[in-house]
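Below you'll find the structure, written out as structure tokens, and then a few comments.
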């Protein structure tokens, strides 16, 4: 509980800092902080694989890419003041409204009950039992369970994601490569 | 084919040939063709008449149906002729006088460079329309003739279309007549709704079946038509203007035939009118007012045709009055004689105008007696006839009306006196014009010589112009003899089957004041003579006195001269208001409606511009919109779904 | 090691998808071996691929099934949509060949990207799971982001790409978050399971689910350019290369509408009362906003963009009508959706094809007063064709657009949504205003001083124009075959 | 262990912060990061619901989301880069040629 | 059916010829080909239509000619055409008016003669289609489709404000018709759901008598009526008409007069029979609007400076008569309206042609710049006289018969309105005579004859263009029975089928009609 609160506070604070930081490098770093917090939270949720991916892919790869680009484009440049009058207040108002709606959602007791405490964690094996043939040699860990899911139920999406990545590669090449002419 | 159809066919053929092939005819060919056509029609009419006289009185009512004209459900209007003594008489008048005037017109129009084809074609068309009018066996067909003569009148008044006043007069005549047409149409609709028929036979046999109120409405509405056509107050203002047409047109259409259609309508519809006392009273008084006003205005007019026009109005007033008091026969009798002497007067005036090069102003004539003997004689005869001097025709017909005005139970002494008095006035103004034109010194020095064909003195009438004068002169002189009270009732007897005589009209009883017919006749004739005498005194013996009098009574003079300012009043009341209303509708209301319509378009356009502003190009605005939409949808889900 | 039971790999079910994806890869490879001046061969190859793809759909007809652990559902409805998508792709490819050369976008990646995007669209149609749904949505989105920015160095194209990208990712965030809520509420993301789960009253009424659904709807709304999620559309449509705009304006709509119907009818059929009013309101706003905003546009691509927003509103009318409790009316509505999409594809592609045909030597004619004024004098044929396409978009008989509107309005009236039909016709009149404005200008506008010789229309483009105009007229005059086809596409497969 | 609703609230908070970030920042990179934040909020939500239901699916979905996000980042950054090349500036608000 | 599909031929012969004209290559340099193709097609159509008219047995009940094929069975749309007394005159008239329109445009085809000729033929075909359709959707298709050629004619060949006018014309008339489409769909759906055995249909005979609540009926009637009232046009909905007419190429207006009459006809064919109860409620109101239109349009026409605008408003007023006749819903008035539709086509058509000829000679349509033309062109003047007096309803010519019957019949059911409308006859005289007098009479005042304008009197071609119209003007005036007989049975059927409550006490004079048996309707 304490851990959660701590992480929650840090992550929210980091996220707010991220969207308010004048310097984009700071923003990126605050986002990394946030990602770390989330990664720990994934651990508390028995999602070790996700936690690892969060660190490796997100905080590692993606954010590094971000930092590269930031430094490439405009290291340390401050944003000029907002030209769009009213944009900020309305944005905040709408953000608050969204939050208020969620708060309202939670004020409904039935939902609070459903979102009550977590049930005791079931072993991963149980969760993927139906998708395994024969006896497992060892208890299944989180990574293994995710893998089993990916190659059974989520086989098609998994394959399809490759298309997404392919597209991304082509896109990056098309958009970023120098004009050939 | 019945003979009577030839009366229609021949002038129609004349019209068609002139209209379609006229351009290949020689210049005089149009007139000759038209005159022959009209003469043929006259011969046919005579044959019809002779045949007719051979029939027993009771059989003198026939209906000839040519074909079903308009049939829609139970509404039926045939194209048919209603032959009875009245319509045959009208047939004779129209074709007869028509022929004479056609003949006259050949000479009169001979000098016209162009337009003869048009003129004679329309003249024939007029005869056709007028015959349809008098022969029609139902009101709808009558309306065809009614409209047709109106059209012919329009076309002929505007013969000199390049003169603004002629064009205006033609339009005015047609519009005023259309007012009448509207009234008549409404009357016919009401008649049809009431009786389920518009055929004379159908209506008259059932005349009694309707309430007095309805009949009064029908007759009043028909009366509107009659008033307009016959130039009666208050729809008389077109007739004087119509004199802008060539003089034969004035003689034929605006004196002898068309304008009497109103009287014909009243006489034809007498079974209805007899059931509507209110209408009859209206007719009587309108007739009386017209009679007097026409005479009064006629006193001071300086245009010779205008004088005659007002005289026509006035004489038609007599006829209306007669019809109003039930003396239909007298009205028709006067119609007949009037056709003779008024046509004669117009033709004589035409000769004069023709001779002096188109000038119609009495003040620029004078002293023509010696130079235009035929015209002088004709005008004189016509004048004597209209003045009611025995034994000229007007004497008998007018006195019949005057006598009826004194004796009819529907009349009263005031009307009687008015008819008498107007007789005197008539004599005066006609002879005023007579003396002004033919006596004294010539005042023609200001005659315009612009018109190339007319310079070089007077233009003597040719034979084709003199012969008609002679024919009409004879008729105007002796025409009245067919009906002499106490001696000869030929006319009345002839018409007897038409007017099963109203019982309340004493045929020849003692007048209200105890006077007999002949007493009244003598008084009337005397008044006529006095009128002539005064005219002679003022315009021949002491010409200066007339001018003096005019100056002395300048106000009245001007009032009368300007025709009581009725034209101006109408202009103010109707023409201007209509125009104002139309302009307001056009510039105001219609534009407003258009604006409303276009306003919707503008609104859309404005909305579109607003939406374009919202589409600011800033991504963050777009994101804002998405978020706002999301918040709204979630709000609906949470609150609306609860 | 653990042996896992891999699900049956039902390649047959995804054969069209495989063919298109494979075609994309081969095209990509081919580019290496084809001399630059023969790049158009790539286009013809891509065209051939789509035709093969269409052919591969045929054996699936009336042979619907679920596959890959219920991840996809293939039925006649999906096949109709797939064929439509592939046909639209085929036409877009033909449309692009000459255009790209003219605009000097001589990049071989264009056609692979188009094919990959089309693959994403096909997958979107097949998806029976929210996961697959957002993955395929992302494929087609990423493909289109790239294509929109394809004219490198062109500011407008780049701006379009970034705007599209930012708004797309933003909406994608909503979509994913909404999916997580649905998942949280029901424990599943699979449409089939979802429908079963929603049988539980507690789950069905869970506000979590409803909010999740609302957020997912935002994702759809963005992709379908429904107001108020439409705002990227005009900017992207006008900034992107015209051939891309043509492709995305039809392909995306077909795929996303098919997916929306799939979600609504098979995923959450029990939520009718909840989504119908929302879509009702969105339909009205979309029709009004799209059509009104188009009235004052000067750029023909922007105008067509707004017009496509309006058209989406009309399709949405039929989507709302699927809410009806009566099966026949639902069928009618679905038939309306499919027919409308078919008609929209040919008439909209046709209109864009004319815009493309007017492109000459690096110069696009997009400004309506300038480029289209007096066009009938210079290009009577193109002007005539454009008139037909625009009149069809406006719904004037005897064109496809009229029958399309008729089917949609008919379904709406039958389902009791006649107010939607009334709004539909009123906005149609507004729409008429801007379509007609172009036609007036073409026929009456002052003739521009043009010295250049009228250029012959390249054959691929001519093919597109002819196909589009023939179909536009045929669907308007004898729509029976298409209606029958749409009718047969409604068979719902039995498990 | 904190109840599920806490996780839910946290993810909602992060999501909202992310949306607000998109709205208020002009630097496309930060806007982009905000979007990443939104996706992460969703992932947190997936993971926590997965835990609550003891189902692996949520975790797998989160994995897919991360994969897609990675692809998106690549394309997004490429677009930003190419714009920077043309304009030498990357301000979202400067992209307003297309409008109306 | 072994008979040749005459109705289809009447529609598609002009349509096909029209398309042919449009696509014919090389027309810019040699317009003769398209001219003759157009004229021959139009003449063939005319001959066929006249044969149809002559071959029709007067008094026949029901459809004298009918074609029905399944078309889109999925929706219940059928290709159902029919001709009976209600439309047969209009079909023939459409066919008769087309050759004059082509002949009059002969030398004024502009740069793309094929387009002009083709659009005229397309207009003819679509108008005929709208007139003969008995399937509501088919009807709607033709109804909308006929706007397109007219729109293109205005926007391509029209006056200086053609863009505005064309757009307004199209949008204004569309808004009504599209609402009607919704009403059609609603009606068909109601039919489908309320008859257990019904299959979807848009067939008029089958939809007649669909059970509707009164509220539904009222709204549906209003939707139909709005469409037709805009087209007719009725009083406050007329503002498209003057703009559209005055910006159209004048020669086209001959045919355009048919366009508006489809609106009037449609009231009789569709709106009233389909929704009799609502019609009963609304007919008096519509009749009032029509009457307002007569007076209002007439008065405005009296102050127009532009000849074509004057005629446009005069058309508006005349159409008011037609409307009144229909809305009064008396058998005679309805028959009168049908006849008057022909008359209006003929008379106004002739006037439009003549005014077009004047404009072609003087280069202006402004009345204040004209005058005294009678001297210059006597033949033109003579024919103008005929057309003008036909238009103002001179007894003995065609217009009178129609107006008389309309007013007569209306006088029975709508007495006060009929009385007011009769005044419209007077107003008609005012504006027509003003037009005639200002152009033909008075001091000669035509602007200097510019180069490129015709200076001579009417050519043989122009006379030929006018001839059929002028013949009809006289024929119908003198012998209208053949026309009336052909409409009688259908009008009876239509009117009899519907009970309109007898008018309440609006007798002109109290107690006038009560005692007298009402003439049988």
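Note that the chains are named A, B, C, D and E in the order they appear, and that numbering of residues resets to 1 at the start of each chain.
Note that in this section a contact is a pair of C-beta atoms (placed from the backbone, for glycine too) under 8 Å apart; a residue touches a chain by one contact, two chains touch by 3 or more.
These numbers come from a predicted model, not from an experiment.
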Path length in the contact graph (chain D to chain E, fewest steps): 2
Longest centre-to-centre distance from chain E, chain (CA-based): A
Winner on C-beta contact pairs when A-B is weighed against B-E: B-E
Most centrally placed chain - per-chain CA mean versus overall CA mean: E
Chain of greatest Cα-centre distance to chain C: B
Distance from the mean Cα position of chain D to that of chain B, given in whole angstrom: 96
Distance between chain centroids, defined by C-alpha means - chain A, chain D (Å): 7
Rounded Å distance, chain A centre to chain E centre (Cα mean): 71
Length of the line joining the C-alpha centres of chain C and chain E, rounded to whole Å: 43
Where chain A touches two or more other chains, by residue: 84, 87, 90-91, 94-95, 98, 101-102, 105, 148, 153-154, 157, 161, 164, 167-168, 171, 174-175
Contacts with 2+ other chains: residues of chain B: 601, 612, 615, 617-621, 623-624, 627-628, 630, 634, 638
Residues of chain C engaged with two or more neighbouring chains: 131, 135, 138, 142, 145-146, 149, 152-153, 161-163, 166, 170, 174, 207, 211, 234-235, 297, 433
Set of all touching chain pairs, with the criterion as stated earlier: A-B, A-C, A-D, B-C, B-D, B-E, C-D, C-E
Residue ranges of chain D in contact with chain B within the complex: 19, 22-24, 26, 92-93, 95-100
Complex interface listing, chain D residues touching chain C: 8, 11, 15, 18-19, 22, 28, 31-32, 35, 38-39, 41-43, 45-46, 48-49, 52-53, 55, 57-58, 61, 64-65, 68, 71-72, 75-76, 79-80, 82-83, 85-87, 92, 95, 97-100
Chain D partner contacts - residues on chain C that touch it in the complex: 131, 134-135, 138, 142, 145-146, 149, 152-153, 155-156, 158-163, 165-166, 169-170, 172-174, 176-177, 179-181, 183-184, 187-189, 234-236, 238-239, 297, 302
Residues of chain C that touch chain A when the two form their complex: 1-7, 9, 14, 21, 28, 68-69, 71-72, 107, 109, 112-113, 116, 119-120, 123, 129, 131-132, 135-136, 138-139, 142-143, 145-146, 149-150, 152-153, 161, 202, 206-208, 211
Parts of chain B lying in touch with chain A, wherever the complex brings them together: 618, 620-621, 624, 627-628, 630-631, 634-635, 638
